[in-house]
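Presented sequentially are two complexes of chain A, the first with chain B as partner and the second with chain C.
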Partner chain A sequence: MKNALQNITFWKVVAAVFLLGGLTAAIVRFGWGLGAATNLSDITPWGLWIGFDVVTGVGLAAGGFTLAGIVYIFNLKRFKPIVRPAILTAFMGYCLVIVGLLFDLGRPWSIWHALIYQNPHSVLFEVAMCVMLYTTVLALEFSPVVLERFRMKRALKIVKAITIPLIVLGILLSMLHQSSLGSLYLIVPQKMHPFWYSPMLPVFFFVSAVAVGLGMTILESYLSARAFQKTLETPLLRDLARIMIGILLVYFTARFIDLLRRDVLHLVFESSFETAMLWLEVALMLFIPLLLFNIKNWGRTRQGLFFTAFSMVLGFITNRLNVTMTSLERYYQQNFGVTYFPSIGELAVTIAIVTAGFVLFALAVKYLPIFPHHEEETVLRFDNAAERSPSPQISGKPAAELQRH
Partner chain B sequence: MSHAILVDLTECVGCGACRDACQQIHHFPQVEATSLDAQNFTTLRLYENPESGTETYIRQMCQHCKEPACASACLVGALEKTKDGAVTWDANKCIGCRYCMLACPFDIPKYEWGSNNPKVRKCTMCYQERHVREDYEVDDAGYVIDRKGKRVTVDGREITAEERDTILEMTTNYEGNRASACSVACPMEATIFGERSELVAEAQRRIRENPDSYVHKVYGLKEVGGTSVFYLSNVSFESLGFRTKLEETPLPEKTWRVLEKIPDIVVTAGVALGAVYWITNRREEVRRFEDEKKNRIKTKS
Partner chain C sequence: MVALFVILFVALLLGIDLFIQARSRRYPIMAAAPRTAIAPQARESVRIPKSVFFHPGHTWARMQDGEHLEIGVDDFIQKALGGIDGIELPAAGEFVRQGDPVITLNHEGRKVRLVAPVSGYVRSVNADAVENPGLVSENPYREGWLMMIEPAELAANLSILRVAESAVSWVKEEIKRFRDFLGASMPQPAAVGEAMFEGGAPVAGALEHLDETHLQDFEQQFLR
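What follows is the complex of A and B.
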């Protein structure tokens, strides 16, 4: 017990340091402008904040729609216990993406202009609409948790009644949103390295987002298990990992065919920075997860699943950073002799945003009925869908047994 | 009428008059810049041909594309291809996302990185300046007003009678036509402002009449679907550092091809999701019904 306490204090200190670092960078950013806080320039207008905080961040929040789809649309009710944490992370993810966006926009106070001066020919307009609408949908999808906490039964009833349309809307918006982040780069074919520029970018972005949504769910469930003893059954996570790996196989087959068709496959053995980054991406996202998942007696344990998912998520991050940053480096180098690497300020803000994500998630798991737990029997009672399903396995006990407590 | 600019690099003597005029009319500091930034809409760079030893001055400015990637990228439509031919930027709309800078195939739009209310800056083809008219009156406070009595702003600033006259002088060429400041300032036949089709004809005429002094290409005619700024040169455009690998398809088509499918995607995916939902839930209902039936039979027997 004492050990655990010390542990938590240590992480609290780390979080505080990171958040303070972000705050300092924020003061520089909003006090002296983008030029002072970042390594962005006239030549490299987009950097880490777009590449990680926005493009990668939205991808990492994909668990919300993926699991909502699995449970409510495909009716795989045994995954129901995971929907809430997934939707919560998605909601928080989107809030943090908006924070990141406010840092990056040169005139953040005019962000609402997107609503009135609409340019339907702009991919970024689609992105903006999706961020706005989907964040609203996520807030509604997540609202039952808060409403239950405060026992607002009427509001709860209304939200419950529109669950399915809301879920469908959320999935549609996510499809558009995840893919549109890839479409953003369709307009710069001549600037990007052929490994990453493809007319198929929108499709690739969507498919990999579904996979990373599952990966993130596995990670979250493992972390919250360690920190709060709130957890889900390993078989559930195992199934998620299985689906994830299936999707990854499809995804990389498509990427392979794409490279082949665009006649750039011969470049993958060339010795260059881009080749190294491509292999890093493939290794982390596909090879290592495949390997770990298939290690006998360990791959399918809780820990094995964690590392499988962890590698996949790192690979996904590498992919998004490759598309948004690596792929442009050669163009900058050749035409201007410039290389972009994020400044300390940019890194500090990004690290602080990630830290904020961890902190918010921890707080939510602690104070809101997110993960099924003994105290949260009310959650189940409100949940008629859960009653219908053939005894969902929660913390190893059938729901019926839980309710009798 | 759609305007354009023709830059003939073989005529350019590198005097810098165009650059100085541009800086002056926009109230920028007078510097001999060689790369574009927020206070330099046009630059001159010297290229020495390693073979012949000849010198070529490379003038750079916005291409004023016919279908500008920057304008298609801008989510709030702050950038706009006007009927006039110029691609303009509206300070009141811009939110500072800088997607235009990424999207531009010529890397033209620049940013005020040091400002807390930064603007996107690029050559405007002197659009607002060219539209300041001689017959604009001055109001009691000393500011120029248009015919409707509204104060005229150029580059976000209200102008005095004196400024109006400077602008008029700087944007009227020797023939009495309104033209960009850089073209008016050019002492040679190197920068000409005019009607787009006439300038294309002029460019082609120059190549035809002096085939030995030019590479046989009008740069800007076909690049990214055509632009409104053309270049002639006696050195290959590639060695001068021009973007020569651009396709002839306008870049906005690449994104529009995807965007136009959105309604179809939404409908198809929506229906598909609905169908899956109906099937999976129906299956469960049927199963429950069967279970109940079995139970009933069991209890009966």
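What follows is the complex of A and C.
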């Protein structure tokens, strides 16, 4: 009992509260419908669940195809130790995106309709097909972890034989739907603020997804190392951060040129809420990571990498929410007098979905061979009381004795 | 407004986490210097990899490619120091003898000297670790290695090194000895606090509380 109580941490209690809140909101949503649980309306049909759970969630799960591409297509094998956690994040991310989508759909039981009643002219159709197919591909890419764990050698051999075609298919599908999520907003140029509406949105969505995929890989590696006292692949993560910053520089150069060509660059010095949000996005996504990464003697340590990646990921979230929410707010206010803000139920569901992601990731890392095997080690606490990870196979022979054998 | 709300919410969660971590000293950059050398709920721990050979002076050696040994300082000493600001090493080509003080660690203007775990010629030094001593704090056994040595009298040197279970027992004893040493060496009772009598343990950076004389005693008793 005492041990069980000692294992309760602040974040475990917070996670339990968040999950409970989400469960309650889910009961209201599916028991009484969207009207009772959300602030969505015919004027603002897409709210937090689409903006964050789906559009942002898919981007945050981009580490799977990015790392798979780096290792299997560009043949940079040294990054292989961090492919599995990236694929795990992607697989869980997509599963949670689908959960978020089920909450948002008016008739979630008809989600399979896209398969049968196809509308090939719709961008949503492409997104639906790609998400379904890519989640299947991710399940197969992730399956070796489970098959290894349960020693199913024959099945493992079959999956390994089709790894490369799977990776290629996964990258193709990701490229399609990461950009298609941007394409969704091409049909509402009159509603969006010119900072975020651009004919280049699909390209911007794809490029920023590649960068955030790397950022998420750094974050999850850091948090796993912290939680499970694992060795962090710091040199690899440092290289990922370097690539991430390179991609961000290309991305923001392209966005700058885009603003210039559409003749809206002068708006970035106007005093408005949208301008503040744009600068927040640029600061979090580019300026702060660039600054942190280049702090001498700290930027490239594990903490430096964590804060660099965290700022970038936060900037990415700001970008996606700016596209899906901030850019539309003024239009709704001026034309309908409506201001959308998510209800407690919507917030509770989104927070619970993110929490579930953390919990599932932690369980997977704990029980499945996600991270590479590191050399066995014992961890002794300074209070001299506990040996946290005794290694049962240690030979126990002093050096001189080992030498004699 | 929704975007701003989400960002502020995530930033708040990070802030809470930083506060919790700073309290448990997992973010060395965020945490204040320890107020006492021994605390009742000290959570520091030391890692002892199975494949590393430990010298009683808190340095280690690991066979690298059949010909060379990687040399470094152990997790115990870097935790006791609470941080490393600078590292001084012999130049490549120099001969070092087992037990001779050859590694100097600086922390906040104070120096400790550690001995070579084996005798041999220094073939290379880890310039990354010298330039960025934080690597030693992060992982003293991997990225934080310090020198590559071509051993000269390995068979004789190995007799005093400890490995595996023997190393674990030795580190256990060292922690106890360190706790007792701190209790006896503190310049004022406040620096140890009542924690000493409540079963407290050394905190990271406990050596910051020693005056120069006791730091020299520490070197003599623990690093030789």
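Note that in this section the second predicted complex is superposed on the first by the 363 of 405 C-alpha atoms of A that agree within 3 Å, B and C clash if a C-alpha of one lies under 4 Å from a C-alpha of the other, contacts with A are read in each partner's own complex, and residues count from 1 in each chain.
The rule we apply is simple: a residue touches a chain if its C-beta (ideal position, glycine included) is under 8 Å from a C-beta of that chain, and two chains touch if they have at least 3 such contacts.
The model shown is predicted, which means the values in this text are computed figures rather than measured ones.
When both complexes are overlaid on chain A, the residue A:Q303 reaches chain C alone and has no touch with chain B.
Touch criterion not met for A:L363: it reaches neither chain B nor chain C.
When the two complexes are overlaid on their common chain A, residue A:L314 makes contact with chain C while staying clear of chain B. Contacts of A:I257 after superposition: neither chain B nor chain C is touched.
Of the two partner chains placed around the shared chain by superposition, neither chain B nor chain C is touched by A:L249. When the shared chain is aligned, no partner comes close enough to touch A:A16: not chain B, not chain C. Contacts of A:L105 after superposition: chain B is touched, whereas chain C is not reached. In the superposed pair of complexes, A:R226 makes contact with chain C only, with no contact to chain B. Of the two partner chains placed by superposition, only chain C is touched by A:T339; chain B is not.
Chain A residues in contact with chain B (one complex) as well as with chain C (other complex) are 388.
Across the complex, chain A is touched by residues 1-7, 10-11, 14, 16-17, 20, 26-29, 41-51, 53, 79, 131-135, 138-139, 142-143, 155, 158-166, 168, 171-172, 175-176, 179, 199-203 of chain C. Of all residues in chain B, those touching chain A in their complex are 36-38, 69, 72-78, 93-99, 101-103, 105, 107, 110-118, 241, 243, 245-247, 251-252, 254-256, 258-259, 262, 265-266, 269-270, 273-274, 276-277, 280-281, 283-284, 288. Chain A contributes residues 30-36, 40-43, 45-46, 69, 72-75, 104-108, 110-111, 113-114, 117-128, 164, 168, 171-172, 175-176, 179, 183-184, 186-191, 199, 202, 335, 388 to its touches with chain B in the complex. Per the touch definition, chain A reaches chain C in the complex via residues 10-11, 47-48, 51-52, 226, 231-232, 234-235, 273, 277, 280, 284, 297-298, 300-303, 310, 314, 317-318, 321-322, 325-326, 329, 339-342, 375-384, 387-388, 391, 394-400, 402-403.
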